[in-house]
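Both complexes below contain subunit A, partnered by subunit B and then by subunit C.
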Partner chain A sequence: MAKKGSETIIERFRSITENPQGYAKSLHEKGKLVAGYMCTHVPEEILYAAGIVPVRILSSHVSQAMTRSYIHETYCSFSHDCAYQGLVGNYDFLDLITTSSSCIHMGEAFNVWVRFAGFEGKHYLISYPHIIETKPAASFMEQSYEEFRKFLEAFTKKPITDEDIEKAIKVYNHTRGLLKRLWQLLRRENPPITGTDAATATLASQFMDKQEFNKLLEKLLKELEAAQGKGAPGVRLMVSGGACDDMAALNLIEDLDQKVNLVFLDSCTAARYFWFEIPEGRADKLAAIAEGYISRIPCPTKDNVPGTGEKKRLRFVQQFIEEFKPEGVVFMYQRFCSPQPHDFMALKPILAKLGVPSTDLELDTTLPVNQFRTQLEAFLEILKPVVPLE
Partner chain B sequence: MSQHEYASVNEKLDWKKAKTIAAGVDVGAVSTKAVILLDGQPYAISVVTTRVPKESALKAINAALAKTDLPLEKIRYIVGTGRGRKQVPFAHKTLSEIVCGAAGAVHVWGPSVRTVLDAGGQSCRVIQCTEKGRATSFLWNDKCAAGIGRSMEAFAGLVGKDLSEMSDIALEADKFPKLSDFCSVFAQSEALDLVRSKVPADEIIAGYHHAMVRRISTLVSRLGAKKDFVVIGGLAKNQALMAPLEERLKIGRLAPVAEWDPAVIVALGAALSADALYKEQQSDA
Partner chain C sequence: MNKEKILAGIDAGHIRTKAVLVKGQEVLGYASAATGLDAAGAAEKALNQALAAARVPRGELGGLVVTGIFKDVVKVPELAIEKTIPEYMADAKGALFLNKNSRTVIDIGGNVHKAVHYDKDGNLLDVIQNDKCADGLGIYYTTIAKTLGVSEEELSELALKSKKSVAVAIQCGLCAESEAIDLMCQGVDVADAADAALRFIVERVAAMASTMPLEPEVVVAGGLAKSKALMKHLPVLLKHDVSVLSLPEYVGAIGAAISYEGGK
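Up next is the complex of A and B:
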């Protein structure tokens, strides 16, 4: 597929996604302040403006029972896994842990870190409106961001200027723009990169110092944009779901009997993380950040237009299907996550209207590989029959 | 051979006269099945217990070939299917048990079949299909063991009965206790309490059959049981399951076809697919 240089960069991204705490620790050892964040509603730009590198806390995919003493069993496996990372001390070196009040399950994971994993004196919970499609939401967010800014100023003992925030917005917008360009390559009939590798790069961006990441991704794009895909194009599949940070699941999709091109990943670990922009050059920087975050593809926990019950995310998914032309959609959701499957029920009629079939995979801490493989291969055999039955 | 193992040959057919010899091997969790077709006609069938999947696949095809002088290398195309499909060393292609189940069921019961329930040892699958036997959608128990053959086997062990006699014992009961249909482990714990409370074994066994029926019918209802409805897989032979299942689903299944063991329908579908793929290969050449 891609040439040697691009493979080296992808390998670098892969090694970071396989050991994010190792990468974060190396930043800390270089004297940088490092903050863990547990949800993409955290405005990383404000942390970055304060001179802090935000590193996302995701699953380790280790089968364990430890967190059952701390979190209700019927909370999602992702929240259990994130809590586990704190309890076993994988991120002891972090200077700060933050999250936003977005999802109850992840809120509990955050509480575990604060109460039982040594982060009692170094944490911050960002208030976030429950429903973002209302007029008061923006001013609520601005106020909440202002409080966060003041907290960080006290924490770092230095002011965060508007120039600092504008600079951070520009760095982050650049990352988002580069990631969009990367995923646009998957629109090609025969892409020069696999969906799993694009997802790996996107995941790495959530752990890395953005300036370092941007340099690597620019280099990678330069090579990929001129490259051709190899072999015959595969069946085009899109994944839609929650936190899809288990690369083994995506690898499985692209390693079936029939060739598959994973062409889009609608999840908070991929498109929902970067498919938006924050207006630059505004006088009120925090209002600009609020506007940008409200314009994102919404998380199902926040996606409900009062009065109509409309879900904004569905329009985005429809748009992605029209642009990336998947022949099938794989819904992936965390076990015990209620909002995601509710969205799928609303999405299925839209998919049926567009003539795109779907199948569901329920994710847990580890993958039932054989079961998923059979389900996916059967799904493909239905999409693209290989047997000429008379 | 163990109790459920067998092999049969249609001696009216002569493989030396056949233009196409194709086979399907279904490596299931409990048993491995092989079906050999001569020009689309069933020639040899075998069922063996699954041990090591690779060895079981070989044992099944050898068992089917045993009463013939047809050598394995004369089989032009072989499709492997089932849970252990990747471990059929002599297969030319692998296909999922879902597409093979639909193809086999429509071949046996005819083009009116629209819903196939495959009640097997490790999985319970509902498949919707076209009149040509092409699967169009499906649902299955992707994790839990409730409602599958393996849980019935474990239950038989718990009450000290042989799996083959469970259905007849259940049919003798006039009443039955309600056991958990949510989880086979919970159901077995509840049954153990009943055994200790001296509840007659036939009632407990009937109770477990009805729990499985509730579980299976929920799966079928989620996808929707369209007529005609057929049941394949080892559990299709269990009358104590089938009668209440039809009643609960309010849909009758097509009667079993005497010549076909419902446990080998997926292997048949694989053999039919092998036959079609070989012919396509020949026409392309």
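Up next is the complex of A and C:
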């Protein structure tokens, strides 16, 4: 039986998430400049305006110990995995590697690429304010982006015009808008797409040339927005965490004995990546980009309002819970990540107030399937007890 | 080295205490005993067994040197130990004694693994030891054998039958063991689970050893060097040829014995 268009597109996204370096290499072989980026604080729009395709470096899920000699043992396995991919040459063909000063674990992974994986002279670290909820943060970011722009102009030996940046902003805003529409489908009682597939598409967007991605996602949305959900609705769960790029973990959530609908993914590999917009048509393009990035759902490494200690992200999480109506939240974070679990401690009272229970899963390079399954099934039993067998 | 005297060396390790008797270039006898809670008693037992194996009366011993983590604990009057030497030095001397072309020895012991680089005379040039999270690989090996319901020898044979590569977390032995069990709960073939559990050991050893120049020949010592399954993975992960020394678990004890009177 011929596959539906939506299935073919989702399969295309899946194949790219399973072999991102293969996809990136194919761009390189077509003569495109390709840059790896290690954090979503990198303003991809400026790279794109320079004619460079940004490709995110994420986990390869290979269990290995070689990076223990390069970065600290108690840095998260995600940063180890990203460092590993540089060391084994998965991305040797990249023209450039970039990151922003965000979390120190990923900073070390970046340093490994630069110092030990042959990217010395082909790298750029974007200065990014530690706390973004301050007045000087925007001007600091503008200045930092201006330096990045100059670096890229020298790197590509061609100017980056305001028109180039405006076009890039529009392409990226379009991607973000499409991804929002995709996730809005999960608000339905019986969504026409699984949360894992929506997460896969979102992940693919971080590897792909945005114009190519946008065309595919437009087609997919056209079909899905007219489609009905399959089967009976399941227990609605939301995942909140750090770099949740292990689709097997999300798949596990939607493959338990009780039917589950993963309805929202609050992570830097999903909502935090796209749930914002950059103002279009502004005279000062870099100021517009800074404004857009400041308005994002903050990463826990940057989220602290000076004076009050308030975490802006909590407001977003509350908003998502109200809109997507999850019955439970699964906190999913990388082992040894400090900011993320600290956030959960602050989030738990808010969830309690909203009457939404939560459970924690600690991610590593490998996935302890049965341990997670046991914990998740117990969590579901708390949410919706299964009628005992006679 | 004194070629006339029969010299004894004891390596009082975390798990086992090893004793050897050496005369000139010949190893006359060797034996080991579980260290347990009585390291001095284990040293006495291993030495007596080595003497018996070599048919050498205690009175004919020309010197006794001890190394190993318990070296200061076993230095009791009854044993008449004349000298102690650090484990790294014992490893270098012992490895060079067993293979004169060797310049790097990787010692995978019960609790500690280390790599030692030395010159043609056995002088230390560089040393490295595992970090805390990688402690206890030998103990882990025994635990995995028990977990999978096989002997330590059978564990290696089992892992060698693996046909499909699967993986466990490599943070520490506890995580690795837990995930080996999880693999079995998923219905993964026990040989594949055994291979994944053992590859964890080699990952940790290779990660440590690759931080220093591996000058050839690279040889392997320690009890775990006897596991063919481990030695299958080690050259691959190290990207370097290695050979296993004869009597790998006695390398430290041999190094201790031949260090008597400074090895003169």
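One rule holds for everything that comes next: the second predicted complex is superposed on the first by the 384 of 390 C-alpha atoms of A that agree within 3 Å, B and C clash if a C-alpha of one lies under 4 Å from a C-alpha of the other, contacts with A are read in each partner's own complex, and residues count from 1 in each chain.
Note that in this section a residue touches a chain if its C-beta (ideal position, glycine included) is under 8 Å from a C-beta of that chain, and two chains touch if they have at least 3 such contacts.
This is a predicted model, so every value here is computed, not measured.
**Student:** Could you look at A:254 and tell me whether it touches subunit B, subunit C, both or neither (first, second, both, neither)?
**Tutor:** In the superposition, A:254 touches no partner, neither subunit B nor subunit C.
**Student:** Given the touch rule stated above, what does A:7 touch, subunit B (first), subunit C (second), both, or neither?
**Tutor:** So A:7 meets neither subunit B nor subunit C here.
**Student:** Tell me which partner A:368 touches in the superposition: subunit B (first), subunit C (second), both or neither.
**Tutor:** A:368: touches subunit B and subunit C.
**Student:** State whether A:377 touches subunit B only (first), subunit C only (second), both chains, or neither.
**Tutor:** The answer is first: A:377 touches subunit B but not subunit C.
**Student:** Taking the superposition as given, does A:385 touch the first partner, subunit B, the second, subunit C, both, or neither?
**Tutor:** In the superposed model, A:385 contacts subunit B only, not subunit C.
**Student:** So which positions on subunit A get touched by both subunit B and subunit C?
**Tutor:** Overlap of subunit B and subunit C footprints on subunit A: residues 368, 370-371.
**Student:** Which residues of subunit A touch subunit B in the complex?
**Tutor:** Against subunit B, subunit A makes touches at 257, 357, 361-362, 368, 370-372, 374-375, 377-378, 381-382, 385-390.
**Student:** If you look only at subunit C, which of its residues touch subunit A in the complex?
**Tutor:** Where subunit C meets subunit A, its residues are 131-134, 167-171, 175, 178-179, 182, 185-186, 200, 203-204, 206-208, 210-211, 237.
**Student:** In the complex, go through subunit B and note every residue touching subunit A.
**Tutor:** Interface residues on subunit B, with respect to subunit A: 83, 93-99, 103, 132-138, 140, 142-143, 272-273, 276-277, 279-280.
**Student:** Residues of subunit A touching subunit C in their complex?
**Tutor:** Residue list for subunit A touching subunit C: 62-69, 73, 77, 335, 364-366, 368-371.
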